[in-house]
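For reference, chains read A, B, C, D, E, F, G, H, I, J, K and L in written order, and residue numbers begin at 1 within each chain.
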Amino acid sequence: MSIYKKIEIVGTSKASFAEAVKAAVAEAGKSLRHMSWFEVVEERGAIKDGKVHEFQVTIRVGFKVE
Amino acid sequence: MSIYKKIEIVGTSKASFAEAVKAAVAEAGKSLRHMSWFEVVEERGAIKDGKVHEFQVTIRVGFKVE
Amino acid sequence: MSIYKKIEIVGTSKASFAEAVKAAVAEAGKSLRHMSWFEVVEERGAIKDGKVHEFQVTIRVGFKVE
Amino acid sequence: MSIYKKIEIVGTSKASFAEAVKAAVAEAGKSLRHMSWFEVVEERGAIKDGKVHEFQVTIRVGFKVE
Amino acid sequence: MSIYKKIEIVGTSKASFAEAVKAAVAEAGKSLRHMSWFEVVEERGAIKDGKVHEFQVTIRVGFKVE
Amino acid sequence: MSIYKKIEIVGTSKASFAEAVKAAVAEAGKSLRHMSWFEVVEERGAIKDGKVHEFQVTIRVGFKVE
Amino acid sequence: MSIYKKIEIVGTSKASFAEAVKAAVAEAGKSLRHMSWFEVVEERGAIKDGKVHEFQVTIRVGFKVE
Amino acid sequence: MSIYKKIEIVGTSKASFAEAVKAAVAEAGKSLRHMSWFEVVEERGAIKDGKVHEFQVTIRVGFKVE
Amino acid sequence: MSIYKKIEIVGTSKASFAEAVKAAVAEAGKSLRHMSWFEVVEERGAIKDGKVHEFQVTIRVGFKVE
Amino acid sequence: MSIYKKIEIVGTSKASFAEAVKAAVAEAGKSLRHMSWFEVVEERGAIKDGKVHEFQVTIRVGFKVE
Amino acid sequence: MSIYKKIEIVGTSKASFAEAVKAAVAEAGKSLRHMSWFEVVEERGAIKDGKVHEFQVTIRVGFKVE
Amino acid sequence: MSIYKKIEIVGTSKASFAEAVKAAVAEAGKSLRHMSWFEVVEERGAIKDGKVHEFQVTIRVGFKVE
């Protein structure tokens, strides 16, 4: 019987939401093994000088507990 | 008086959420005519070897009933 | 004590959700100063001839009241 | 043991939300038998020349599978 | 200092959602005094012989506690 | 590329939710041009002397920014 | 024209969510007649000594007003 | 096996949300015994002469059925 | 690139929510191949003679499009 | 027939959510007349040096259109 | 003053949602002490060969911080 | 590129929701550095002897990953 845990993490990117997700997953991978899926929870971002400065995506990462 | 139906479909892409939407719409177009809009319902994805393997987007596609 | 207001705006793009957000922020910037963040409220789009015609993103833009 | 399916359909009316629901149910009835209930999912509409042009109601229709 | 209670009640009507709300409020008024507002919680209905048989509206009725 | 804004407005009517929507749209039209759609956000109402006194509908009105 | 009321009740069980629902309905039946449906609102539970101690289900019970 | 019921009640206070909750619980206690928890459902308030006139909190109160 | 569709189906059971899910999936399997997951959308049920008469579970079934 | 508009505003306070609401209402009052109610939409805050630095409350303010 | 933390965990079971919850709690108990409650966040599952292969329940587990 | 994590924590206070938030943040600060914001997820509380015994606030705390 498989058991998974989920953690919540926020990635950022100058380029797009997809890149922000990749950044978050890459960071999570530094301390987690066996990651198997993510769920987007929230999309927002920072604005500076009248332009989008940064895309921010909150995801939940699911990983298998050994 | 116009009547529309909606179906729910999940598209996937290695590249981005936008590409996953396009894939879902293209697929839906094989069996539906008169599609006129989509609504994003859920964004998630698969992770493999510590990296985003695939973006998955669930959309609802609205199409006109003739 | 800082006070912020939020307005709701819909941006569109042929390319992606991220571009649609940028378009919305750019437009909002024509009449607002001191914008500091945005929140994605809804993602949808138009379909024409069986293809995604346009990505539409509703965002709330938060800006500081002077 | 009874099994039901649900489909999602959008009805429109110049007059009211109730009429839009009736239109959607009537349309669904062309291809479905044994419909037994509906649930309102979303209410919106189109505006033209500064007036409500059309009420649009998305409903889910539940029908018994024989 | 005013205190209010809320109860949840479902009204039905052959004609429209508005009539279903009126029926629910009229019924609630048989046992409650000092009703002051209602909130629509859910709209659904029954279908019979391929037509809308009845509109059903769940409302919360707020009334002042003496 | 089209840009839209949304404002939130509450219409009231003695008769029905549909009439309350029409009242809200008519009012919004006094200061806005190019309105193109509305979304129902909330339906509630006032009760007086044990009867529905007034239907209240909160809508978001979307209009094109020139 | 039928009118229904709903009350909210929490049932508990050592065994399962389904048993907790049955307990809640049985209890509600002590003071209500003409109950006709229930809706699950929340599922949670208590943990003791590292094990599930009790399943708790909040349901809304709908009953016909005579 | 314990069974609980929940009622919905709105408390008001000139001072704060916490005081409004206390007022609601105190009122509920006049007719209920064995209250054991509350859940905040909605926070709003009235404005008069450009100032907050009253904080209003809707809570659900859970109490044990003997 | 994989594409999935989702349909919505309601299963019923005298015994439990899990059995109701199984009934819904079994029914869906009569007309669908390549089903790969389900999501619980709503849990409710019918009451008769003061007892739970039937558990009803609405699920969305996801299946691969060939 | 009364018509209301709603705007969204974020107030901040070092002390509490209630104070943050008051600040937001006071600010809104500088440009709006006939404000009559507020609804809390979101509560969050900033943390600095390991302590709550500021409470932030997003409210919708409803005001009568003359 | 008590402080609690919550973690999110996914349990699986061939048999039922209740068993999946028990599996998740048992797993969480390997690394946590003082667990005191759980909340069901999501119920879904895997389908294989046209049958329910596995029930999956996401719960939040609350535990006291010493 | 900044990456943040979020954890979920429940604070309690005899006095108010704001104090409960402060307690939760203070506790989180014992094991986390670089906390930068919190989001209120749920407000509830315990009742004893007919009075509010304790305010309980669930918050998500966001902190920067170094």
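Heads up, the rule we're going with is that a contact is a pair of C-beta atoms (placed from the backbone, for glycine too) under 8 Å apart; a residue touches a chain by one contact, two chains touch by 3 or more.
Predicted model, so just to flag it, every value in this text is computed and none were measured.
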Subunit L reached from subunit G - shortest hop count over touching chains: 2
Contact-graph distance - origin subunit F, target subunit K: 3
Maximum centroid distance from subunit A, chain identifier (CA atoms): E
Turn needed to bring subunit G onto subunit J - CA fit, degrees, nearest 5: 120
Subunit L against subunit K, contact positions shared by both copies (same if over half, else different): different
Approximate Å spacing (C-alpha centroids) for the pair subunit C, subunit F: 22
Rounded Å distance, subunit F centre to subunit G centre (Cα mean): 38
For subunit I, residues contacting two or more additional chains: 7-8, 16-18
Which chain pairs touch, all of them: A-B, A-C, A-K, A-L, B-C, B-D, B-I, C-F, C-J, D-E, D-F, D-I, E-F, E-G, E-H, F-J, G-H, G-I, G-K, H-J, H-L, I-K, J-L, K-L
Subunit F-facing residues of subunit J, complex: 1-8, 60, 62, 65
Footprint of subunit I on subunit G - complex, ascending: 16-18, 21-22, 25-26, 29, 33, 35-40, 61
List of subunit D residues in touch with subunit F within their complex: 15-18, 42-48, 50-52, 55
Residues on subunit A engaged by subunit L in the complex (per definition of touch): 7-14, 23-24, 27, 58
